[in-house]
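Next, two complexes with chain A in common: one pairs it with chain B, the other with chain C.
Showing the complex of A and B:
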C-alpha cells in the first residue's frame, strides 16, 4: 500500500476582506488551510505587504532605514508615491506618529488633512494607524473616517476601550477596522464579538494580534496567531475567522540591535542586519498566519516577496 | 515605674447597641468593638483598605490614620475607620447602618434542613454512630464478684452482643457509686469509630443512671467562612429539633480564608480566631437548646463540616501551610477530639466528629455535600458546585470523582462590591429593568428600603443590565443612554439602582463598572474551573446529566440569570437541582447514619483533586470567560439567541 501523508481536516475558512476601493483594491483572507499548506487546502489570496509612511519626519530611524526614502520623509504624499512608484508598494500604511500626546501632539484637524492628501494622491489601499492612545485615537480617527468617507480605509488600532466610537465612525463612513488586542486569543475573539454587536459587518474586520520582532517576544505573537488559525480553520470558531494584519516594521526597527553601528558588538554590517531582522520577523509572522504585514525597508520587502513566491510556486 | 507607662482607662459607649466597654488609652477602636461584642464589618481584617468599618465619633477624641476611604465631607462629620483609630478620650461611637452586621434575617433562609432534603442521598440505614444502651445488671454476689466495669461490659455484651469495647477512664471513676445508686440499672452511651464496617470498634463514653434512652440528641454544624449554621438533631427519631445560625465571629478579623490565615500569623492570632468560632458555635448551641428545651447533658455528640481552613481554625490547628505551596493541610481525617477540650460548652464525654477533607482547598464541606446529595451513589454524571467565596466543583458519579477549587473572591457574598453586603435585610436581591426607559424595579430582602446589594442580587442586576443593553458583553457601560441612571461617578461609570431618598443609607445605591468587573472575575473563575475539570475528564458540559448547586448563596439563586452571565453552563434547565447548604445536609445525615460516616471517608478518598492554581488550561479558560456570558457562542446558544433577539427588537 502506498504511503499517504496524513492531512489536517479543515472545517472552516478565513473570511475574505477587501481593502481599498477601485482597480487597486486588494482582497485578503479566504484561506482553507494553514499558511502555505497548499497541499492541504487553498490560499486564494497571497499575503500582502503594506509599506510604511510616517506623517512626520522620523527622528530616530537607523541610517539604513532612512536611506531608501532620502528627500521624501518630510512629505507624506511624496513618500507614499515613492513607495508605490519606486518600490512597487501595493498598499500604504500611514502611521500618525505626530498625533502622539507624548510627542508632537498634533491636532486631529491637522492629521486629517495629511491623511486626506495622501488618500487623494494614491489609488492603492490606505491603512491609517493611530498611536494607541485611546482618547486621542478616538478624536483623530473619527475625523479621518469622516473626511475619507467611502474610501474604505483600514483604520487602526481599534481597541476594546475605543471600539464603540471609532467602530461607529467606520460603519458610518464605510471603512475597514483593524481590531487590535494585546497578544491574547480570547481578547481578540471578545473584541470581534463586540464589534459585531456594534454593527460592524464581518467583511469589514481585520485582526491585529499585536506583534513584536525577533528577539523581542515574537514567539508569543506567533503562537497566538497560530492558535487563531487553528480555532478558525479546525474548530469552526467563526469569531476568529478573520484575516490578520501585523504592524511589524515599527517594532523591528526600534530595537537596540538595529541601532548599533557596523561591527559593534560583533554584529556585522548594520544595514544587512536591519534588512534581515525585518525580513525574518515578517516572514515568521506570515508563516503563523499573517495576511497583511506592514514593512519598511524595500530590500526586506523584496526578500519576503521572493519567499512568498517560492512557497506558493 | 514611670507615670507614662501606666495607661489611662477609657470608656467607650457604642450606639445603637448601647454597649459600654472599658479599655486603655491608645487601644484600637475596632478591637474594642469586637471585644464588647458589637459587630462591625471589617472585610479586610483591619488593614484599612476596605473601608467597611466606618463609624461615627459622636463624642470624644480618637487618633486616626486618614485614608482615601473617608471623604472630606465624612471626615468633617466625624466619620472614621474603626480599624485605623486609637482611642484617646472617653467616646460615644455610633455604628452606622451600613457598617453593622445583622443576623436577624439569616433566619429567612431555610437553614438547609428542616425540609426533607434527605431525598437526595438514598439507601442509608438510620443507624446513628452514637447509641444509648440500657442494661439491667445482676448485683454482685460472693459467687459473682467480678469488677464493676467487667460487670457492665459483660452486661452490654450479653444484651447487645457488643465486643471490642474501649472505655473512657472517666466512666470508671463514677461507676461504683452510680451502679449502686441506680440499682444496677444504667444507660451507656457508645460511639463507633469511622473505619471500615468490619473493623469498627466501639468506645464507651458515658454512663447514666436509669433509662435515658429517650433523651438522645446530637448537633450538626456547617462552619462557613461567612455564616455558621447548626442543627440540633433527635437521634431517636431522625429529626431536626431546632436550627439556628449566626455570622462566623471571625468575620471581624478578615472576610476571606486568606486574610484569616494571615491574621493567624499575628501573635495570639490563631487563639483569637479559635475562640471566636467556638464562641459563635456556643452561642448557636445555647439558642438551639433554649428553642428545643433539650438539656445540654443529653447531647451526645457533634458533627462539623466546613472548608479545610475553617475546620483547622476551629480545631486550633496552624493553618499557615494551607496557604503556602505545595498547599498541605494539617490533617484530612481528624482523629476524635473532645468537644470540651476545644472550649465547646458541652458535656465532657462529647466527642467531635469532623468530616474528612480532600485537600487544602477542597474541604469537608464538599465531602459532606457529595454525601448528602448522594452523588457517589448514582451513575448519573453529575456536576456539584458549591458557590461561595471559594468555589468548589466536583464532577463524577458512583465510579469516579474529580474535584477542584477556584478562588472566586467574595463577590458572590457581596464582598468587594461598592454597595455590596451579605444577604441580609435591606439587600437588593431581585432586579428587573424596563428596556425602553431603563427604570429599574428592585426587591429587597425583608421588603424594606435598600441598604446594599447581595450576591444573588448582583447576578440578577448584571444579567438585567446586559439584556437591556445598558452594558456590553465586556461588562462596560454604554455611555450614550437616555437615562440619568447611567452616569459617570467617582469610580467610573455606574448605574443608579436607588436614589438616596429611597434608601436606608441616604446615598444613591449604585452598581459600578468595577463591581461588574469583580462579578465577571468571580463567575469566570467558577466557570473556568468547570471547563477545565470537564475537559480533563474529556466530557463536555452538555454531557452532564445533573447539576447540583450548593452553598448558602445557592439557596436563592436564579438559574436563568446565572446562565445569562455565564456562571452556569447553558444546558437544559431541568438538570439543575438546588440543595441549599450541602455541607450542613451532609453533617446532619452522617450524624444519623454510621454508614454515611463511612461513606464520607470513602468519598474523600475517591476524589481526585486537580490543583488549578498551577494549571495552564485553567488560566486560559479563565481569561476566555471574562466576558458575558462567554466568547464561545456555541457553548451558550440560548443566551446568544436571546441577546440577538433583544438587539433586533431594539433596532
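Showing the complex of A and C:
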C-alpha cells in the first residue's frame, strides 16, 4: 500500500469579510485550511498588508522608519497618497495617535476632520485605529463613524468596555469593526458573541488578538491565533471563524532594539535591523493566521509580499 | 457520595469577615445551614494562616463543633495549624490536604490523630500536566503514607480541578482519565475534588452549571466525595443520586453520543452544552449556554 501523507480534517471555513467600498474593496478570509496549507485546503484570498499613516508627525520613530516618508509625515493625506502611489499600498491604516489623552489629546472633531479628508482622498480600504483609551475611543470613533457613513471603514480597537457604543455606530453607519481582546481566546470568542448579540452582522467583524513583535511576546499572540484557527476550522466554532487583523508595525518599531544606532551593542546596521524585525514579525503572524497586517517600512512590506507570493506559488 | 461543604472559607465575604474578627455567630450560623443542607463534612478553610495559625484553627474547630457534631475538614497549608485543629477536634477529622512537598511532617499526623487525609496531586514542579503525572504523584504519596502506617481507605485523592475559563490549562480530560485508573494505581483509595474551582472566573450565576456538570462527569468514574457549595440544592440532588436520567445523559454525551437537542428540555440542553465546553470540544466563552 502506498504511503499517504496524513491530512488535517477541516470542518469549518473562515468567513469572508469585505473591507472598503468600490473597485478597490478587498475581501479577506475564506480559508478552509491552516495558513498556507494549500495542500490541505484553500486560501481564496491572500493576506493583505495595510500601510500605516499617523494623524500627527511621529516624534519617536527611528530614522530608518521616517526616511521613506520624508516630507509627508505632517500631512496624513499626502502620506496616505504616497503609500498608495509610491509603495503600492492596498489599504491604509490611519492611527489616531494624536487623540491619546496622555499625549496631544486632540478632540474628536479635529480627529474626525482628518479621517474624513483621508477617506475622501483615497479609494483603497481605510482602517481607523484609536488609542485603546475606551472613553476617548467612544467619543472619537463614533464621530468618525458618523462622518464617514457608508464608506465601510474598519474601525478599531473595539473592546469589551466600549463595544456597545462603538458597535452601535458601526451598525448605524455601515462600517466593519475590529474586535480587540488582550491575547485571550476565550475573551475573543466572548466579544464576538457580544457583538453578534448587539446586532453586528458576521460579515462586519474582523478580530484583533493584540499582537507584539519578536522578542516581545510574539509567541503568545501566535499561540492564540493558531488556536483560533484550530477552533474555527476543526471544531466548527462559528464564533471564531473571523479573519484576523494584526496591528504590528507600531509594536515592532517602538522596541529598544530598533532605536539603537548602527552597530550599537553589536546589532549591525540599524535600517536593515528594523526592516528585518518588522518583516519577520509580520511574517510570523501571517503564518499563525493573520489576514491583514498593518505595516510601516516599504522594504519590510516588499519582503513579506515576496514571501506570500512564494508560499502561494 | 460524601459531601464536604466549602462555605466556611476565609476568602468569602460573610464567613471570611467573621473569621478574621473571631466573631462566632455568623460562622456557627453558616455551619448549621451547611449541615441542614446535607453536608457530611464541613471544610474549614483558614487560608495560609502564617501568623497565629494554631490559635486560629483551634478557635475555628471549637467554634464550629459547638453547633454540630459533623466532622471537619481542616484546610490550610500551615501544618502547625492543622495539628492544633486536630488536637481539639472531636471525632475523625479530614486533613485537607497533604501533598508531596509537606508530606514528611504531615503524614504522621494522620496516624497520631486517627484522621483521614486528602492527597492533593500537586507535583514538586507545580500542576501536573496529564493523567500520568497525576498517577506518579498518587503512587508516591500512597507509598509514603503506607510506610508510616496509613491504610489506603484513609487516603482521598484530589486530582485538582482547574478553571475551565482558561483554555490553556484545561485539565478536565486528564482528571477524568486519572479517575478512571485510580483503583488500578491505588486500590482502595478514595477520591475527592474541590469542585467549584472548575467554574472559577465564570459569571457567578452560571457557575452552578459548570459545577454540577463536572460532578456528573466525575461520577462516571465513581467519585467518592466532593468539596462543594453547600447552597446549591440541585447539585446536592445530583450527588445524592436523585437525577439518574440527567446523569445518564451526561455520560452518554461523554461517550460521544450526539443527542438531538430539539428532543431535550431546555435544562438538559444546557448540560449537554456544558459537557462539550468542559471536554474542550467547544471552546469556552462566558456565553456558552446561549450558543
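Observations on the structure shown:
One rule holds in what follows: the second predicted complex is superposed on the first by the 313 of 313 C-alpha atoms of A that agree within 3 Å, B and C clash if a C-alpha of one lies under 4 Å from a C-alpha of the other, contacts with A are read in each partner's own complex, and residues count from 1 in each chain.
Going forward, a residue touches a chain if its C-beta (ideal position, glycine included) is under 8 Å from a C-beta of that chain, and two chains touch if they have at least 3 such contacts.
No experiment lies behind these values; they were computed from the predicted model shown.
The superposed arrangement places chain B and chain C in clashing positions on chain A. Contact with neither chain B nor chain C is seen for A:124 once the two complexes are overlaid on the shared chain. Contact with chain B, but none with chain C, is seen for A:160 once the two complexes are overlaid on the shared chain. By the touch criterion defined above, A:239 reaches both chain B and chain C. Contacts of A:93 after superposition on the shared chain: neither chain B nor chain C is touched.
Of the two partner chains placed around the shared chain by superposition, chain B and chain C are both touched by A:189. In summary, superposing the two complexes on chain A brings one listed stretch of chain B into steric overlap with chain C, and the stretch in question is 255-263; the others among 147-155, 255-263 or 417-425 show no clashing C-alpha atoms. Once both structures are placed on chain A, chain A residues 186-187, 189-190, 193-194, 197, 237-239 are touched by chain B and, in the other complex, by chain C. Within the complex, the chain C residues that touch chain A are 165-167, 281-287, 290-291. On chain B, the positions that touch chain A within their shared complex are 472-474, 476, 478-479, 620, 623-624, 626-627, 631-634, 647. The residues of chain A lying in touch with chain C in their complex are 185-187, 189-190, 193-194, 197, 227, 231, 235, 237-240.
Note for the complex: chain A touches chain B at residues 160, 164, 184, 186-187, 189-190, 193-194, 197, 236-239.
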